[in-house]
Amino acid sequence: MSLMQVENITMNFDGLRAVQNFNLDLQEGELIGLIGPNGAGKTTVFNILTGVYIPSQGTVTFAGENITKHAPWQINRSGIARTFQNIRLFDNMTVLDNIKVAMNYQMKYKMFSAVLRTPKYRQEESMVLKESLEMLQLFNLVEKYNFLAKNLSYGEQRRLEIARALTTKPRLLLLDEPAAGMNAKESEELMHLISWIHKKFNLTILLIEHHMPVVMGICQRIKVLDFGQTIAEGTPDEIKNNPKVIEAYLGEEVDH
Amino acid sequence: ASGSSAGGSSAAPAEIKIGLSGPMTGDISDIGQSSKNAAEMAVEEVNAAGGLKIGDKKIPVKLVVGDDENKPESAANVFQKLINQDKVLGIIGPPTSKCANAGAPIAESAGTVMVSSWATNVNVTKDKKFVFRACFIDPFQGLVNANFAADTLKAKKAAVLYDVASDYNKGLAEVFRDEFKKKGGEIVAFESYSTGDKDFASQLTKIKAANPEVLFLPNYYNEVALQLQQAKRLGITAKVLGGDAWDSPKIFDLAGKDLLEGTYFSNHYAADADNADLQKFITKYKEKYKLVPDATGALTYDAIRILFQGIEKAGSTDKKAIRDAVAATTDFKGITGTISYKGSGDPVKSAVMIQITEGKYKYAATVNP
Amino acid sequence: MKIIKSIAFWTVILALGILVEMLGRFEYINPYVIQVLELIGINIILVSSLNIINGFLGEFAIGHAGFMATGAYLSAICTVKFHMPFALGFLAAGLLSGLIAYLIGVPAFKTFGDYLAVITLGFNMIIVNLLNNLEYVGAARGMVGLPKSTNFIWVFCATILTLIIFRNIIFSNYGRIWTAIRENTLAAEMMGINVVRSKMVAFAIAGCFAGLAGALWGHMLQYINPSSFTYLKSTDMLTMLYLGGVGSLTGSVLGAVLMTGLLEILRDLGVWRMVIGPVILVLIMLTKPLGLFGSRELKIVQPKSDREEVQKYVSHAGRKHNNEL
Amino acid sequence: MSYFIQQLLNALQLGSIYALIALGYTMVYGVLGLINFAHGDIFMAGAFFGFFTAYLLKLPLIPTLILSMLLASALGIMIERIAYRPLRKAPRMSLIITALGISLFLENFTRATLGGQPRSFPKLLEIQDFTFLGASVTNLQVVIILVSIFLMLVLRYIVQNTMIGKAMRAVSDNKEVLALMGISLDTVIMVTFGLGSALAATAGILVGLAYPVIDPYMGITVGWKAFIAAVLGGIGLINGALVGGFILGFIEIFAAALLPSTYRDGIAFTILIIVLLLKPTGLLGRPVIKKV
Amino acid sequence: MAMLEVEGLEVTYGNIRALRGISFKVEKGEIVTLVGANGAGKTTTLRTISGMTSAAKGKVTFNGKDLLKTKAHHIVRYGITHVPEGRGMFGNLTVKENLELATWTRKSKAEVKKNFERVFSLFPRLSERINQKAMTLSGGEQQMLAVARALMSQGELILLDEPSMGLAPILVKEIFRILEEINKEGTTILLVEQNAHMALKIATRAYVLETGTVVMEGSGQELSKDMRVKEAYLGG
């Protein structure tokens, strides 16, 4: 079943055409890679899909609904979550609270209940606590629940950001260079983690990444952008051997 | 008051404390400063004579000063502190209506006499038994100016420029407007600004266009200096009138003789009046503080002496007795005029119109209440 | 057991309040001291409500005195013009100020940061200007003759209640949302948070309590005047807030107590008081840039920690994860 | 007609005064993100420096101006050294509150040492009146307007085109990395404060000449107005300060000229708010496109 | 005497001990690389050398000059250039202005001009974006700018903190090629890389850091063959 259709989107910045006629049809449950040289427009595509930018042209349809002009929070509520290329955590909140915030929409109690600490409040808060901890546990962060997010190491911050995005219970998860700043070993672990959550949460995932082992290892399908335009699309093997991609992006020999 | 009061010699205190509340900091701190100066001078004089005479003993006076910052909540604190902690017998000030209004209910409920020097707002003394003042109230000055403009200057068209955010200015301006109209005159421009403004060009240009014969500026002297200057530049030739807030020697400094030439303002006294006490006060004040006293100083001096007189007349430190004695003040010869209280805290006293010529105050007319 | 403990705690607190009130009534405690205590309480309400916006929400509002003014005036109109009981005026003040703050929020949140600061300041100036023109409430002359309805016990209860309410809100979903917005607005939006709405709610709450404080303030002084609510008053509140530590309720209390108390103690210094006061402020900021309490809270303000629940997870941590992988 | 022209001239004068003060304000803001509450008080200090140099040293206008600018720069730099520098790493708000403290200190210290009475500023410039299309203009007004435009251009040149100017703009982006370019942060910030304070002193003296009553609290209202002007134009932007200053001047003058003046402040601020709603980042501020 | 000598360097953040007494040296003309997991203290080491972070203990000398007591902007004048972690853009400045600021310590106009040309030929993308605000560059473009800035100021010793982060594979190779090239021209390099594979390939010598201490050292070749290094950092 098709989950999201991106039709013909174009994004201009002061005469610079960052994305041109971009199309994408995402099937429910897919794990797709989006790669391309620096400045090709990958992050810009993410920004359009999540309502940070409104495209100069084109439409984005998600689960049958046109979300092109929706605000980020509406888009999140309709089931899309993302991480950022430059990590954006709630730095001065604890790891646990970072996750709890992501559950804000699942909490239904009103101000009144909060003030009086009614049973409804207690019940929902303890539900949230429990679920948050479960999530932290999945990402091996429980022990650091009380750390401020900014005091985590880089890799931990990346994991927390993914966990936080997952906590909003999305159907589609957008990951922007999750392996940046990780060494080979760590990105390998991350790769396993991603394919594991892909299965476990039955998610659709769109992944931007420059670490080829990660992309080639887990993506079912890959789309390559250059200068805002799609230059190739296909399975990892097809992409690996596509001369255009080699020339623009991979370079002569593919690093193992 | 007779010897029957509790003020037997054994109970007489070692000193009599009088409180003073005024803005010692903030943008009108010079008003607080001159209140303080004048009050200190009065206290020194009394103490030089051995103190206040209560029964047959002379008791020295001590002045306790509180900074009300020209903020009502601070004035309230100052009043509570003066009354309950320092145990003063009476309070002088605050000179601003804003603070006096906050202090008055406290003085009233604590049964402590308060004599404000310069709070001209009608409400301050309303329904209060313990609250008095030494100055006249806004409506009176507004009336005096309106009458003077209509009757003496024979003006038909008047304009007003006043500070909308300050109740003194606003009070005078509105009464002037109403009274002048009653006299058959026309208010051709009624313009305002806010405290702290320095540029009045827009309003004055409007006034110029309305072509009034009289321009009423019921504002503080420092602002008046700027207003006169800008009015002249814009070519306004109307006769200028003002209120007692003009009365500061600084006005000559700030505005210059030329701009003031021929202007009028209402005041409590005329400096050239042959009032010996007043002349003595001015000389002494100048000597002591190297400054010429302004209206607040003179009014404070009167206010504290009214209180002194009340205490001596009461002959005791009983606050109720002091109140009764102050309320009975008649024909007190103050330096700002002759003061009597007739059933309320507002003095019955006359006002004078002063004209400024050649850098000097010249008596122009007396207006009785 | 826990319930008994907390009942005992609150009984002691309440008893303390009543005791001070009684001692005050029979003049065992100087009315001056009582009044300063009342002022401190009112300032605590003001500062902690400002803290909601500036501390937890992370905006920079500099016109809080405007909300205080609407509360003070509305309650005064209720008691003076309509002879309603103070309690009614008090509630009305809170509601109206909250509503106005909410409405201010509508246009205000098209912009942010220092632009929003100027809008709040502008609102403050507009309110003062309006009050200066409204003859009905005495214009620049202000309103006199407000009944002396504010007494220590009123202020005491209002302060305690305010703090409890704020604490409960801050340590709930609402508070977390505000803090998240403060920390990273875009990320917060990506968590499905309707940022504009959340901000407006925060403004409404802060405005409401500032209005309540205004009502108490007016009925303590029995006199109100537009010029008491200018931006100078707003900056006083800012000073107390940042002195105590922004983002901490404890800090707001401490800031209000210290500033109000300290300036009162220094009152006898006259002119130099306002020289020394700022010097102390600057010194404190230099030594404790985050304010005295930073963003920490006293133990009693913090809710029961989640530790027990967490412990269960920590002990199994890792194992389960690896198994599933 | 002459009425309208007169009001226009009034607006130009008031606007250029706001612009002058807003220039220094916005420059310090642009560099440090600091709402420098003390700026209005350095303006006041500048006026007093001018007052004393003119009275005590009996200097004419230009030397008075230069000396006051130097003294004000020294004061600004000293304040930065003592009160702001230790807070470099602290959050921005701590700095703003410290600035508030410094502001109160300057006001009240001046009040405590020099007294609260207003003083009349010496007449350093022979004021001449002209009539222009039926409206009255003075040479001083012309000077003020020209000076404010001139200083804006100079400042803009410095900030946009010189190395130190680029370094100044870089400070607000990344203080740490600036040092990695071999640039001393302290020097850049010192220059910023020096310049900003000199501008404030210039404004202080021109205002002293135009409105010759000075007192220790004269900086408060004007300081706020300048802040508002800077924000209106787009804070941190040099030409924004000029535009914001002039617009604020126009709003104030014409709100009083065309409508009841008792509501002037209210009307002026309502217009201000409406402008900010239409242009949420100030008149010249570009909408920020967040790159994430 | 080596060009850069670090001896017993200790750095703490509050109560976190980031460096627990590390020692190493860089000889003139070498490429030395520091390898280690997240949080090992690599960034901290570089920051301490360039004066951005202060040390608790130890000694750092550059050509015999004590760096620990020297301010960051003076250290640059000694000839040390640092490409910091997280790129450190001046976001509101244009690409050109960013590059210009890097020439603050360079007096000769001709030299500056030459550097500009060279940088633009290495990163043509930057010359296309010359008047764009750095803030709006893509992640990789920013990374290019950060490296380009270092080339502009052309110190004797360049400290690079993860220069390949966020770059496309083709550019990663390019960066390493550039590093080798400038090294041949006489610039000494101290490199921190997550891409240990590539880093070790070009390195003369390398050190392995673990929780703030040096646990291994050797030539690049040796270490890239070491089993422990392979397992921990090079992945399978």
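Letters are used for the chains, namely A, B, C, D and E, taken in the order the chains are written, and counting of residues starts over at 1 for each.
In this text, a residue touches a chain if its C-beta (ideal position, glycine included) is under 8 Å from a C-beta of that chain, and two chains touch if they have at least 3 such contacts.
Just so we're clear, the structure is a prediction, and the values are computed from it rather than from any experiment.
J.: Using direct touches as single steps, what is the fewest number of steps from chain A over to chain B?
T.: 2
J.: Note down the smallest number of touching-chain steps it takes to go from chain B to chain E.
T.: The fewest steps needed to get from chain B to chain E is 2.
J.: Once you count every C-beta pair in contact for both, which comes out on top, B-D or A-C?
T.: So, comparing the two chain pairs, more contacts are at A-C.
J.: What's the distance between the Cα centroids of chain B and chain C, rounded to whole Å?
T.: The separation of the two C-alpha centroids amounts to 38 Å.
J.: So what's the Cα centroid distance for chain C and chain E, whole Å?
T.: It comes to 49 Å between the two C-alpha centres.
J.: Just curious, how far off is chain E from chain D if you go by their C-alpha centres, in Å?
T.: Here chain D and chain E have centroids separated by 43 Å.
J.: Quick check: what residues of chain D touch more than one other chain, meaning two or more?
T.: 108, 111, 220, 262, 264-265, 289-290, 292
J.: Considering chain C alone, which of its residues make contact with at least two other chains?
T.: In chain C, residues 128-129, 132-133, 186, 271, 274 touch at least two other chains, as defined above.
J.: I need the residues of chain E touching at least two other chains; which ones are they?
T.: In chain E, the residues touching two or more other chains are 136-137.
J.: Touching residues of chain D toward chain B in the complex: what are they?
T.: Interface residues on the chain D side: 3, 6-7, 10-11, 13-14, 17, 108, 111, 115-120, 129, 136, 138, 207, 211-213, 215, 217-218, 220-222, 252-254, 256-257, 261-262, 264-265.
J.: Hey, which residues of chain C end up touching chain A in the complex?
T.: Touching chain A from chain C are residues 164-165, 168-169, 172-174, 176-177, 179-180, 183-184, 186-195, 201, 295, 306, 309-310, 313-314, 316-318, 320-321, 324-325.
J.: Write out the stretch or stretches of chain D touching chain C in their complex.
T.: 35, 83, 86-87, 89-91, 93-94, 96-98, 100-105, 107-109, 111-112, 220, 224, 227-228, 231-232, 235, 262-266, 269-270, 272-273, 276-277, 280-282, 290, 292
J.: Residues of chain C touching chain D in their complex?
T.: Residue positions touching the partner: 54, 60, 107, 110-112, 114-115, 117-119, 121-123, 125-126, 128-130, 132-133, 186, 231-232, 235, 238-239, 242-243, 246, 271-272, 274-275, 277-279, 281-282, 285-286, 289-291.
J.: Show which residues of chain E lie in contact with chain D when the two form their complex.
T.: Contact set of chain E toward chain D: 50-52, 71-73, 76-77, 81-82, 84, 88-93, 97, 100-102, 104-105, 135-137, 149, 153.
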